[in-house]
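Shared between the two complexes below is chain A, which has chain B as its partner in the first and chain C in the second.
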Partner chain A sequence: MTAFRAAFGFQIAYMRRNRDQLMPLFASPLYTVIFLAITRAAGRDDLSSYAVLAPALIALWAVSLMSAGEVIDSERYEGTLEAVVATPASLGVVMFGRVLAVVVIGCLAFFESWLTAALLFGVVVPIPQPGWFLATLAITVLAMAGTATIMASVFVLARSARTFQNVLSYPVYVLGGVIVPVSLLPAWVQPISRVVFLSWSADLFRDSLGAAPVEAPVGRLGMVLLLGAIGFAVGGWMLRRILARVRETGTLAYA
Partner chain B sequence: MGAAAEQHGLRSGSGGVDRASGGVVVGSDLAIETRGVSREFRTGRGRRAATVVALGSVDLAVPTGEVHGLLGPNGAGKTTLCKVLSTVLLPTRGQAFVAGFDVVRQTDEVRRRMGIVLGGERGLYNRLTARRNLRYWGALFRLSDRDAARRADELLERVGLYDRAEERVETFSRGMKQRLHLARGLIGDPQVLLLDEPTTGMDPVAARDFRTLVGELRGEGRTILLTTHDMVEAEHVCDRVTLIDRGELIATEAPRTLASWISRFERVDVDGADDRLLAEVAAIAGVGRIEHREDGSTRIETTQDGAAAAVLRLIVDADVTGVRTSLPSLEEVYLHIVGDRAMDVHRTIRDDT
Partner chain C sequence: MSAITDRLPPPLRIARHAVAAGIADFSTMFTWRTWTTAWLGRMVLQVVFFALIGLLVGDAGTVRFLVIGNAVMLAAVESMFAVASTTWERRAGTLPLLVASPTSPLLVFASRSVFWLATGFVSSSVSLFVGAAVFGIALPFPRALLVPPMILVVGTSTYLFASFLGALILRAMEFRNVVGNVVHLAMMAICGVMVPTDVWPSGVQAIAALLPVTHGLGAIRHLLDGGGAGPILRGLALELTVGVAWYVLAMLSIQRLVDRGRSDGTIEYAD
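Now for the complex of A and B:
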């Protein structure tokens, strides 16, 4: 827990000097403009909440993906990765703490999207069920950071993981129902989507923006948490295996 | 012998260190032990595949409380051995123990007891302050916030950086970074400290302070393995020195003992010796090179025990009184053993094709 808290606080301090990891936040208002322009041109103002929510979720996933790689890359660049591995702290926990800090800051994307919609389009998207909205946000942030540890472990193995990182962006936006709800995707895709925690999160967010009560919120939040925990467990397992491998190959410092 | 050491059947025997003589006292346990540790790296692919042997079969025993020097040229295997001991690199063969714990199977136990200072300017978070760096490293060693803060300040004071604690590391000189490295290595209050080229970039005053600090750390009962190119440093701070070259340990002795090894290379400097006398000296068994020096004196190098005494007798009998003898420095021991390959980067390559 000490290492986790330290890693979280360290990352906040680190980002004050290195803001690269928050680059996706610059794209978020632009996506908001694009999506709202489309829904407005289509005469579908009822989808305004979708158009405002999607850029925030995109930014959140992009931030977590990017930071997972950047954290490892920056450790290598500073020459600290070997020294961190040589401490009693678990590298997985350290990575989780650092990525979580980035994702928490990444939540600013929600503020940006809502603000862009209000200022440029005069669209104020209400949040009728703020409790479920915030609960979904909190659990989604945890799941994001947990899942991102998989990405971090791949970066420990190889710098070329950047390609893998890029490939993971848009498929997850689609499978996660970020832009188009999973229920509107082809039937054969839907079971696959349900393995992606973001599909549960996106639906919960949208439901919390609607007037109707959120159906089975606890169970669905539990799914987000479970899938995020599975992601963290898989990431931790991969990290241990990969660390064992790079200790064997001698490539920890310069994979 | 500690419980942990007993658990792994570590032998006593090499024991603690008698500082006065630099000798070894039987009876304490070993802080560092390697048994036949080797490390190979594979390079290239296909027909270009080769195996680089960075460490041969290394047997090293460092008793608790000893400051042990690892002396060798670039590519000798010093850093590789440090990495194996610090658990970030697996040995290809053999076993290594730190504080009685296996560096492969008991990494957590090893990491809790060890601090590492890897050489060079890298290894710190440059855009953060010195204090922030140390507090973070303290947390990674499972110190509470309060303990990490207290320990960070103590160490900043100790390495002379307290007044610069709130400045970013990227503004530090190389020597200051090295001192911060050292503080980082101590943040977890380690029993065993691995220092890989710790004085690289330090000015002479800082290097002298470093030696004082190493002495203090030894006084606290810590065990230190120090790799260095600096012979003077090794002579000043180490209880024993291991010479390493091409991944093989050549010798482990007290610095003074190492120097005495080549007493057969003892030098006799003589003023005013004529050619006839020097010819007679040259005829003595065990006399090596005779060199005329810029100051007008002549240096006679011997190559076997007893030769220097015979040379001295001959010179004194010839009524030449301007004569001096000198013992070789550790650097000369090093150069004699490693030879003119000292500045080369070595590696043993086995072609796998």
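Now for the complex of A and C:
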């Protein structure tokens, strides 16, 4: 627990000093402006909740991709991975603490997009079902952290982590249905979308912003949790494999 | 090849070497295979993402507006990556050598990111025709074949603007990615990419008129809507004028950076 707390606190301090890491939070208000401008110009004020929610989901994904994904890679770059691995604390726990801190910071984007909509457009999006909204948020944060652990491992092996991060943006926004529900995508795309946990989260968030009762919320939250757990399992397995390999080849600290 | 290069005038020779350095940077990020599959696919999906919002709002005109606007914007998006890549030169520690040389450092800074202009041109052109095909948008041929050269004008103008931002960011390099991204998103919002510029208050419209994309994209829309040559050429001329004006400011900014660095010793070998 001490290692987890230390890792969590370290990541918060690291991101405060590396403003580049907060880029998704700078972008979030602008996405809100873009989406609201489109829906309002088309006379579809009824889609305001979609337009306000989407920037927060984009920021949450982007900050995970950018900061959480680089957790291991940055340790290698700084030449500190060797020391981190040598300590008695589990690397998995340290990584989880850092990744979770990133995702929690990413949640600030929800506040930003709601505030931008209210201040610039006078649009206040109510949350009629706050219980399901908060439950979806909590489960999404965990699933995001799980997915980020896969990325943290993949980026160590990638030719350029930043390129990977750029490539994984809009394709995931489409498949994750962050603004356009998966049900509007072509039929052949929908099964692929359903493997992306964000598609379940986005639908749940949107439903919790509507007046109608959320349908089958427990099962859908379970799907988000399941996909997140798969992320943790796959990410943890990859991390163990990578560490074993770099220990064998003596390339743990190449910085 | 080197004999030919040696006979080039010094500025062109230097620019050629800077372009080669940029291409070397590019090759550390992509192979041709990863660029044509992963990257180009991602760029096309950016257009698809925004065009889908047109389907969501249920208006065919909005879909067409978003496909054209976002496809053209891709040229600007990639040109804006030059804001960050301009700092790669200073981070490599070459600034003192550039300042000591008889040529302006801006020539190197502005040349070494020019690969973004080329990749942006391809991404944008491909995305326009693919996006139009995917969403069933009829483009008027052969007139539509004039769009790629116009995209190049938009990309160039934005690249010159990015050179100015890059010159500013050399003073605060930790913001290199934030500035490029925030500014290009602001351009997407107000330069007629997502919604017509006239939906914004007059003050915002005035800012948009000083930015790249606005006039060039307007000219492209005019062309695709069957408009006459006069407004199209005027739009392209304005687009280039905006870019050149920003480049003049970039030159002044770099000169100031060099002058100040010489006087206070802040020209370092690496950050």
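Assume the second predicted complex is superposed on the first by the 245 of 255 C-alpha atoms of A that agree within 3 Å, B and C clash if a C-alpha of one lies under 4 Å from a C-alpha of the other, contacts with A are read in each partner's own complex, and residues count from 1 in each chain.
Note that a residue touches a chain if its C-beta (ideal position, glycine included) is under 8 Å from a C-beta of that chain, and two chains touch if they have at least 3 such contacts.
Worth saying up front: this structure is predicted, and the values here are computed from it rather than measured.
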Legend entry - Overlay on chain A: chain C relative to chain B, clash or fit: fit
Inset, instruction - For A:89, decide between first (touching chain B), second (touching chain C), both and neither. - result: first
Inset, instruction - State whether A:41 touches chain B only (first), chain C only (second), both chains, or neither. - result: second
Legend entry - Which partner reaches more residues of chain A (counting touched residues only), chain B or chain C: C
Inset, instruction - Would you sort A:18 into first (chain B), second (chain C), both or neither based on which partner it touches? - result: both
Inset, instruction - Once the two structures are overlaid on A, work out the angle chain B-chain A-chain C from the Cα centres, in steps of 10 degrees. - result: 90
Inset, instruction - State whether A:6 touches chain B only (first), chain C only (second), both chains, or neither. - result: first
Inset, instruction - Would you sort A:138 into first (chain B), second (chain C), both or neither based on which partner it touches? - result: neither
Legend entry - Minimal inter-chain CA distance - chain C and chain B, angstrom: 14
Inset, instruction - Would you mind listing the overlap between the chain B footprint and the chain C footprint on chain A? - result: 18
Inset, instruction - Over in the complex, which chain C residues touch chain A? Could you list them? - result: 28-31, 34, 38-39, 41-42, 45-46, 48-50, 52-59, 62, 66, 174-178, 181-182, 185-186, 188-189, 194-196, 199
Inset, instruction - Can you check the complex and tell me which residues of chain B touch chain A? - result: 39, 41-42, 83, 86-90, 108, 111-112, 114, 116, 118, 120, 122-128, 132, 135-137, 139-145, 148, 168, 184, 188
Inset, instruction - Would you mind writing out the residues of chain A in touch with chain B in their complex? - result: 2-3, 5-7, 10, 13-14, 17-18, 78-80, 82-89, 94, 244, 247-250, 252
Legend entry - In the complex, chain A residues that touch chain C: 18-20, 22-23, 26-27, 30-31, 33-35, 37-39, 41-42, 44, 47, 50, 159-160, 162-163, 166-171, 173-174, 179-181, 184-185
